[in-house]
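Next come two complexes built around subunit A: one with subunit B, the other with subunit C.
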Partner chain A sequence: MKQSHSNTHPLFISLSVLLFLSLTGCWSSHEIEEQSLGIGLAFDKAKQSSIEKKLNEQGGAYSKRNLITTTYQFITPQVASSTTKQSGPQQKSYVNVSETGDSMHQMVRELSLRSEQPVTAHHMKVVVIGENLARSYKLEQLLDQNLRESELRPSCLVLISKGRASNTLETKKAGEIPAFRLAGIVENAYRTTRILPPMSHIKVESKIKSGSSFLMQKVLSADGQVKFAGAAVIDGKTHKMTGTLNEEELEGVTWITGKGKGGVVKSFDKETGQPIVYEIETMKSSIIPHVKRDSISFDVNIESVGRLSENWVVSAGTFKNEFLKNAEKSSEEEVKRLVGNVLEKMQKEYKADVAGFGNRLRIEHPKVWNKVKKDWDQRFSEAPINYDVKLTINDYGTTGGSKK
Partner chain B sequence: MILSPKDKITTPQAAVIVINFILGTGLLTLPRSSTEKVQTPDAWISVILGGVITITAGLIMVKLSQQFSEKTFYQYINDIVGKWVGGLLSLVVICYFLTTSSFQIRAMAEVIRYLLLEGTPTWAIIMIFMWVGLYLIIGGINPIARLFEIILPLTVILFLVVTFMSFKIFEIDNLRPVLGEGIVPVLKGVKTTALAFSGPEIMLLLIPFMNSPKKAGKALLVGVSIPLIFYVITVVMVIGALSIDGVVLRTWPTLDLIRSFEVAGLIFERFESLLLVVWIMQIFATFTITYFAAALGLAQLSKKSIHPFMFGLLPVLYIIAMVPKNMNDLFKVGDFVGNVAMFLFGLLPLLLLIISRIKGGKKHETIT
Partner chain C sequence: MMMKEWLSKIGNKGKDPDKDKQAPASQDTTCPFTDNLHFNLECLKQEIGHNWDVHFREFNLGRTGIRSVIIFVDGLSDKDLIDKHIMPSLMVDFSAEYKQNLPYLKGSISKEFIKNEVLSISEIEAVRSIKELASKVLTGSTALLIDGSLDALLLGTAKHKTRAIEEPVSEALVRGPRVGFTESLSDNTSFLRCSGEIENLSLVKFQVGKRSKKDLVVAYIKDIVDPELVQEVENRIKKIDIDSVPESGYVEQLIEDNYLSPFPQVQNTERPDRVVAALMEGRVAILLDGTPFVLIVPVTLSMMLQSPEDYYERWIPGTFIRMLRYLAAILALFTPSLYIAFISFHSGLIPTKLAISIIGTRSGVPFPALIEALFMEIAIEILREAGLRLPKPIGPAMGIVGGLIIGEAAVQAGIVSPVLVIVVALTAISSFSIPHYSIGITLRMLRFPAMICAATFGLYGVILFFLLMTSHLVKLKSFGVPYLSPAVPYRLSEWKDLMVRMPLMMMKRRPKMLHTKNPIRKG
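Now for the complex of A and B:
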């Protein structure tokens, strides 16, 4: 044992000396103060910004096709700190920079010719794709670089914008950061049925690979304001955007999938024509596929428990069950309308299953699914779908009565 | 090499060594490699079957080694099949351990270079790793076992915390239907998943180091069951979050699972670094134990001291690690190592056990 000690001693010393060298710091360190953090990204059809044009005129171009304009949104430490120190008039806390070209990665690298701060994508929150672009390019092509690189996290959200995507990354409110605003709205899904569950890069990739059509949240922009409105239909075969569902249709899809976490249903009382609002507490939906030989049909059972949250029918007393039953009825009718409406749209207009009917068939009848999955969207558009809605009003808040 | 009394390990330590050997690269790649073969969400059943097969193979190895409880595989194989064949087989096993060892460090270096230290050259990452490994194994089996005992609880806690946090993006539908296409796809994946459990072969060498070689079977059982649980959790959570279509596209699916969610409100929002810590510790464990096994083999084959071999193998390991030119080559090496392991530790021990039983039976008769 003694001998082995004398053997290890010199080795131990040399090792510790060598380890000292590695303690001096990170091999490839980058100071955080010198980074500009990319937080938002927008892809649009090519339209060079005025700065780019001026730069190009002076010869600042390389061989490329001008196909796509990417807009990067950064928070640079200088900008962020200057807003906190001197709350000057309308100081922006972000910087948007646009680049035009044909390769996503080359465009990012081109930015390092324009700014001394290297770009990092570790904190990228949201990627917005312009509708025009989504209609003409495959999603996996547009997102390939994002999915491949190590910096951008697969949890980063993807949205589709109605107009130019770069407009959604603008704001006029001082201190507001547009990318954070977009990412924050997604969190409001517990307030409304008109927001899709978050579509992150990893979910988009899985959907693309699965070959089924799917929905992506759409966002509108005007004058530095944004609004989530409806959803874009992405075709399962071409992976391009083929159409749009409006807000009500998206609501219908949420009822079919049962994935909503909250929201309201407004219906009108039959007798008085006054609005009654039902607020969702829980929502459950089961899609049951039926296979008989060659024909596939579906039953959709939607159940929900909620409360009466607003009532304009002055004559009614919510202490009476009779009225509550009527309110349930009219809300049910409204949900049925929403569901029927979107089913019609999916089956007749887009011929695309974006509400997960195929998924249920895959789970319940895997063998049948293997046969039909190739032209599922076509088969889906011919499948008869029955739906039933059952709403239960549990309570009616703190006001119960009516003047009688 | 004479074993000093300090070089003995307890039964739990033996189990810990097996656990740490098994958990390695597979933790990050198993969800993809198994789903690729199975093509249905039933990959986790394959993992269980793979584990059961490994336990069976492991028990055969233990039975074989228990017949010669004072000797390692390299020593007793000569008694069974003679000096020449035995020597050759020992060399093959040594090569296997060397390749496994190099494969692990290279995989580790690739992930670190890609995700953590972008600018650091691969050689710098690998060398520091190898030096520390060398420092550990110079002390013999006992320090290795004790270090592994420290690593394991950390692994278990961090790993479970991180994986269960991904519950946020877990969708049960991605795991359904169970056995929708029957048992056939599941069986297709068994080979792949069984290979992810390579590690019980260390029992061939470990038994003479054990305080009570009779309990080796128990150690093996525990040693394979814990990784089995880990692997099932990993596969279930990854497929549940990414779906089978998403899993097959990712190079390191488990890492992407952790990268696919953020938890607000805790001190950290992102947990991939924790997972990487766990994973690197496990790679280190696999690397050191295989390195030790290879050096031990050479020492016992040549009947010389083990230390020169430990130093001598260092450059060899480095060269083998740097051979694969890209990721695909690297994964091919992994597959190759796995296939070799299947013959070497799946079929060979059974054969040896039968031969030794026949031979041993005769000897016993003459004695009594």
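Now for the complex of A and C:
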């Protein structure tokens, strides 16, 4: 008897485990095909869409202020199945829906009243904020819900759009998904210095919390096409957008920070006035703060190695060191112009340190930094900055000058 | 109580006739021979005479007029031997030699005389009890009874039917001996003896089965193996108390440590090279008459995922293939449950573009992922089982019908998604790449509870299942050796032969977990 009891014991346990499994049901199980994948989000000043207006007329409203219009871009199972079938995409491969209101979360939940597949944010690629909104609301208010919930990944990008943000989430090309397009362009930073390093939610939050001014990538849109152009300056104190850097100024910032991965510098030959193009292979920059009593100054040393990628000066022999030296010189001049240009704008116009000078000071002179960090942007605008640029051409490509 | 009685009976078989006599019920049948041939014959006929295949051949010994009889079973005994050697010796040569002594002969013909002077065959044994004689005759020996003699002679004429040596079906290799065990025990032990002169190879014989007695041989190498291990194996074999043992699977199930575990704790193999390798490591092999499957104890999980080819090939491909097999084991166990977990719970963990295409293919499927996966997994298990039963010419055709048509049609009909078909195929292929059928089927079986856990709790459930399984494995032992060793308990020096197969140059010692007497394998 005793033996048989000890044999049934494990059986009994496993049976009760099985029962336990069946009791719980399927906790938080949501089949993948019963959800819509949210992939893009755009925040704009309130402007109700025609559908919303019609719904409101029939009484589909709740107590809210119409402040913000959120546009959700998502992929519904129906859209997904029509794009994956062999026949290829005939119509749009995404769905955009707008909601107007004053709470981000409430607006998302309103969507559940309009579609059988609720939107999930796991796959959210990009959040675009309209310039008008960014100038009038604090970024931390706009992004609060996104940062607070765990569903949206902290790696999701944040962009600022020149016009209405919802326009950047439109395309006219069949099969193209606008949110993927925006997220994909950021990857091209190895080909040009005019793209900022990706600004994700988590980076935005750290910048906001540190109280320093920073840049965010700006994007333009026209006729369903987009272009990354320049950057928005976000003030460290107000956390609102205060101004814009154009493409060349953004290039200057990239040279100062040394974070570029590739790109070109176009300069003109002094004698002939023909363009010479220098392509960056590596870029290095060091910002050295100098503190003398109360005065703070900076030295910026920029070094770069690259190749001569295009040369319109037909008469020149590119095999000759003399010519290469000249080319280096004129490219250096061009970079200096870019850097000087943007420093002027940062210090005089916006009075905002968006290139990380304060960070270098914090690292090298923490005590000084503690004293000045409260009104750093003001102190920065008065600090003298010297810069030096050194470019080296180590490769002139596979063609040279003509035989003489 | 019953058990103990039986154990002592098995242990003392044939050595202790006194004990048999004490039992009153068996007195009639174990009666010793009298000197009256007629009476003995009657007794024997009562015991086994009703069998049509038992032949009684009566004759006169030489021309002496002494009645004799030989008894044998048609088909089991070597008739050729009886006709050409035994009968002529007894009927022809006997009379020629001893004609002169005819008057004194009767009554003085002893077994010694027949044994030493007359019969020219190698195996002769005298027995005194009718019961023992009967049982021996029924296994192929020939009995010789002579009028006036108090004991009978058993002549070793047993001739077992054997088949040709073939390549092992269940464990085919590209490189390695093409020899597999057969059903004959003596052939099998000879394979072990033949594979080089093994020093101190011990083959100890036991008998198992209460009604149908079978020979069982425990093989080990005396100066390597841990004596306690041998003792334990022998004890467990002695404790076997069952009517008959048709296959070594019975022995395996009766001596394993934990019969509730889904994992096999005894390895079975058809390959003599594998057995010899195990013996050399200090393990014990159990050979049973009538089956080509030899058992090896103790085993570890890592052994189950190894193939002899790992050692026959050079160490780099050996290591690569072994790692591939570990991967296959994990895939076979977890792919469908991971599929369910990702589809039903964690759509956020799938890369976006893959998620979109999965959504696209699944949007018409009416079932939740669990039902869909169970449907296909069960279908493929049925296919596998059917493929085993099908006659050989139909087999491949059915495989095509099952694999391609059911898969393709199910997708077309929108019952399952194409991704699932990939998952199911991957699982099946992975499980077949595991060199041991018994562990492969364990993993295939365990994936069903894993799927249910995944459908209940998602990835969390899969991890719970994994923890449950590993905690069981950690606890499990095979003949005193932890099942997961050398991973748990941790012994880094033996990891040389766990995930990787290091060069033979570096594997100088036998596994420590076996407590061998002689730990050095290579100088």
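In this section, the second predicted complex is superposed on the first by the 372 of 404 C-alpha atoms of A that agree within 3 Å, B and C clash if a C-alpha of one lies under 4 Å from a C-alpha of the other, contacts with A are read in each partner's own complex, and residues count from 1 in each chain.
Please note the rule applied: contacts are C-beta pairs under 8 Å (C-beta built on N, C-alpha and C of every residue); 3 or more make two chains touch, one makes a residue touch a chain.
What you see is a predicted model; the values in this text were computed from it and never measured.
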**Study point:** Touching partner for A:363 - first (subunit B), second (subunit C), both, neither
**Key:** first
| task | In the overlay, answer first, second, both or neither for which of subunit B and subunit C A:51 touches. | result | neither
### Message
Applying the document's definition of touch, where does A:11 land relative to subunit B and subunit C: first, second, both, or neither?
### Response
both
(request) Based on the superposed arrangement, let me know which partner A:32 touches: subunit B (first), subunit C (second), both, or neither? (result) second
* Looking at the overlay, what does A:61 touch: subunit B (first), subunit C (second), both, or neither? -> neither
(message) Per the contact definition in the header, classify A:205: touching subunit B only (first), subunit C only (second), both, or neither.
(response) first
In subunit A, both subunit B and subunit C touch residues 7, 11, 26-28
Subunit B residues touching subunit A in their complex are 4, 6, 40, 114-115, 117-120, 124, 128, 131-132, 135, 138-139, 169, 173, 176-177, 180-181, 241-243, 245-246, 248-249, 256, 259-262, 270, 307
Subunit A contacts subunit B in the complex at 1, 4, 7-8, 11-12, 15, 18, 22, 26-28, 150, 153-155, 200, 202-203, 205-207, 209-211, 359, 362-364, 366-367, 370
Within their complex, subunit C touches subunit A through residues 260, 342-345, 347-350, 352, 355-365, 368-369, 452-453, 455-458
Subunit A contacts subunit C in the complex at 7, 10-11, 21, 24-33, 35, 37, 39, 75, 77-78, 80-85, 120, 122-123, 125, 151, 180
